[in-house]
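The structures considered in this document are given below.
You will see two complexes here that share chain A, one where it goes with chain B and one where it goes with chain C.
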Partner chain A sequence: MNVVFWIFAVITLGGALAAMMLRSLVHSALAVTLAFAGLALMFLELGAQFAGFAQILVYIGAVAILVVFAILLTRSSEETGSGVFSPTWLRGLVIAAAVFAVLGWSILNSASALPGATVTPQVDVKQIGDALMGPYVLPLEIVAVLLTSALIGAVIVAMHEKEGAE
Partner chain B sequence: MTPLTGYLLLAALLFAIGLAGALTRRNAILVLIGIELMLNAANLNLIAFWRYGPHPEALTGFMFAIFSIAVAAAEAAVGLGLVIQIYRHAKTTDLDQMNRMKG
Partner chain C sequence: MFSKLDQIFVVLQHWVAGFVPVSLQPIVLALVGVVGIVVVFPALFALTTVFERKGLGRIQNRLGPNRVGPFGFFQPVADGIKALTKEDVVPFNADHFVHFISPVVLLVAVFMGFAVLPVGRNMQLVDLDAGLLFYFAMGASSELAVFMAGWSSRNKYSLLGAMRAVAQMISYEVILLLSSVAVVMMTGSLSLVKIVEAQSQYTWGLPHWYVFTPWGLLGFILYAIAATAETNRSPFDLPEGESELVAGYFTEYSGFKFAMFFMAEYLAMFSVAGLGATLFFGGWSAPVSALSFVPSWIWFIAKVMVAIFVFIWVRGTLPRLRQDQLMNFAWKFALPLTLLNLMVAGLWRFMNPGVVRWVVCFAILAGAYVLMARVGMKREKFGPRSYRYAE
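So, the complex of A and B:
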């Protein structure tokens, strides 16, 4: 456990906590961007450079911008008057705490069985490309179909439905 | 504490934060952000297991994380499109007021 891990952990957890607790939605979107950036740094530190840069491109570049678009389009940034948390927030918090307790308990109890390699694996883009075109070519094609259908689906879902108005 | 344990605990905490947000916030967009955080926690688990696993040269966990990121992007696009459509219909993104399925 080096100091870099702790810095990245503080960035990620701080961003995530702020995103879930801030009242203003725009502030939440900015805080979740910070959490995504912390995770990307953590991927880089783990030796997964491609995944780290994909995280930056997809999450900070696309998902965060989409979230900001949605917030501004739905005017959710305006205060609603009633609180930002649902009336059953205590139950949700208890469920989340219970999930974390179970996960943490099982991780700490299986610590001796976990693998502990010390050499950072070196993976370059050529290896990833070879893997994507070799053993992972079917998942790659399926993801391509999924992304195409999601693109069309998102456009159709968000499209205006008033045919007679035009 | 081994490095892998640290990463797994961090991912578990991140997952719990995302779950708490998804369960307690009223705004649909914040619920989607919580789900994204949970997906990211799972990705961190995959990458950490790949890095500290016995066969990192097989790239299994790495590829799983890459595909997971791609699927999460599709999910975010469709989810936010749904939220915008619901807002146009019901004039609210408050989940507590979306209590009927009738159009």
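So, the complex of A and C:
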């Protein structure tokens, strides 16, 4: 655990906390973006260049923009008057804690399941490409088909709305 | 002599780093490189503003700036002093923190893109294995900064400008990325240094630039269109269209913050032109092998400046697009063509080198272009062009 890790951890967690606590929805969206950026930096610090840059490209370049647009187009960018805590916060806390416990448990187990993995593997982009086009080509194609169908579905939903308006 | 001149900046960088202890040398090397980028490109920006105003003046049959210094070349100094000393007006209702931070975020994101550009032989700040991906990741971050600027100003012109900018940048980013992917497929690497090296071989004194292949030519044209849209340059300058939106997303910025937006726009032009030169025009390699003795960084800067000239030329020539034309062009024309270009690049890779490969690939692309243009024209029901004059 070095200093760099702690800086990135503070950025990520600070962004996530701010996303929950801020009153303005757009501010929350921007804070989530900060958390995404922190995660990307974490990937880079671990030597996973491709994952880090893909995280920035997809999450900051696309997901954050999508969230912000959704907020703007639904006219809910005004600040909420009441407190930021939902009335069901206790249930939410329990669910979050349970998810965290399961994740933490599986991660701790995986460390013991892979003994001797002390050397950081150097994965370059070429290896990722070879893996995606070789052994993992079927999952890749399935994901591609799934995404395409989702895209077509979204277009169809949008088209129906337009016809109804006319 | 010439090889020394070629590496003069690299030698200089190591000479400066030689003054500090070995443990600190990597930091100093990086710092010197960063200072180089932060000094050279803004200086180029200052020069470009004069050239642009003079060039546009020529196109519009007027003189352009000619008061400050010889031939008006000190105009950017005057502009800079003006921007620095002007009052910084922030709207009362603006979101102060976001309003303050967005020009900084934009400028940082734009500057980061230069980190992976090979400006000359051995002259890149970092040679990342995923360099191209890094570049596009930084480009994507600048979109959010534009949105932040428009939203935080609490001004409907700003917000409209930001929404237009983001919609446009997202649409054209797809084309920009996919037209570069063909180059990556052919090189087999995302590293920009490797991409340049793959192109800097010569046959009969002529270089192996990717633009001299059918897929490279179409890829470059699509890249150039998408790059113009990404940098919000005319004819894609809807986000800041003066006649409709005052100044678009940076309407509520004044003084030095305005200068920062201005600078970010021009720096983005330089970096996107530099990337285009790297991907399709062999980066720092010479156009004919006989001229290889000229230092590599001169070639790079020359290619960037030619691209800037074309940017200015196009700005002075073409009228602004309409929003629906912009979107239709991106999704219905340019994107299918880019996807086809990717497939043709694959075909090119697996066909035997020779004239047949050239003819087949070119015929597919040209045929698709003509067919799509014809079908598109039919669908839009364009008749013969007619002119209407004010009566």
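FYI, the second predicted complex is superposed on the first by the 127 of 166 C-alpha atoms of A that agree within 3 Å, B and C clash if a C-alpha of one lies under 4 Å from a C-alpha of the other, contacts with A are read in each partner's own complex, and residues count from 1 in each chain.
Definition applied: contacts are C-beta pairs under 8 Å (C-beta built on N, C-alpha and C of every residue); 3 or more make two chains touch, one makes a residue touch a chain.
Because the structure is predicted, anything quoted here is derived from the model rather than measured.
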Which of chain B and chain C A:125 touches, first, second, both or neither: second
Dominant toucher of chain A (residue count), chain B or chain C: B
Partner chain in contact with A:100 - chain B first, chain C second, else both or neither: first
Which of chain B and chain C A:72 touches, first, second, both or neither: second
Which of chain B and chain C A:109 touches, first, second, both or neither: neither
Partner chain(s) touched by A:62 [first = chain B, second = chain C, both, neither]: both
Partner chain(s) touched by A:49 [first = chain B, second = chain C, both, neither]: second
First (chain B), second (chain C), both or neither touched by A:157: first
Interface residues of chain A shared between complexes with chain B and chain C: 50, 54, 62, 69
In the complex, chain B residues that touch chain A: 1-10, 12-27, 29-30, 32-34, 36-37, 40, 43-44, 47-54, 56-57, 59, 62-63, 65-67, 69-78, 80-85, 87, 93-96
In the complex, chain A residues that touch chain C: 24, 26-27, 30, 33, 49-50, 53-54, 56-57, 60-62, 64-65, 68-69, 72, 77, 124-126
List of chain C residues in touch with chain A within their complex: 95, 98, 128-130, 133-134, 136-141, 143-144, 147-148, 151, 159, 163, 166, 170, 173, 188-190
Parts of chain A lying in touch with chain B, wherever the complex brings them together: 1, 5, 9, 12-13, 16-17, 19-20, 25, 28-29, 32, 35-36, 39, 42-43, 46-48, 50-51, 54-55, 58-59, 62-63, 66-67, 69-71, 73-74, 76, 80, 82-89, 91-93, 95-97, 99-100, 103-104, 107-108, 111, 114-117, 120-121, 123, 127-128, 131-132, 136, 139, 143, 146-147, 150-151, 153-155, 157-158
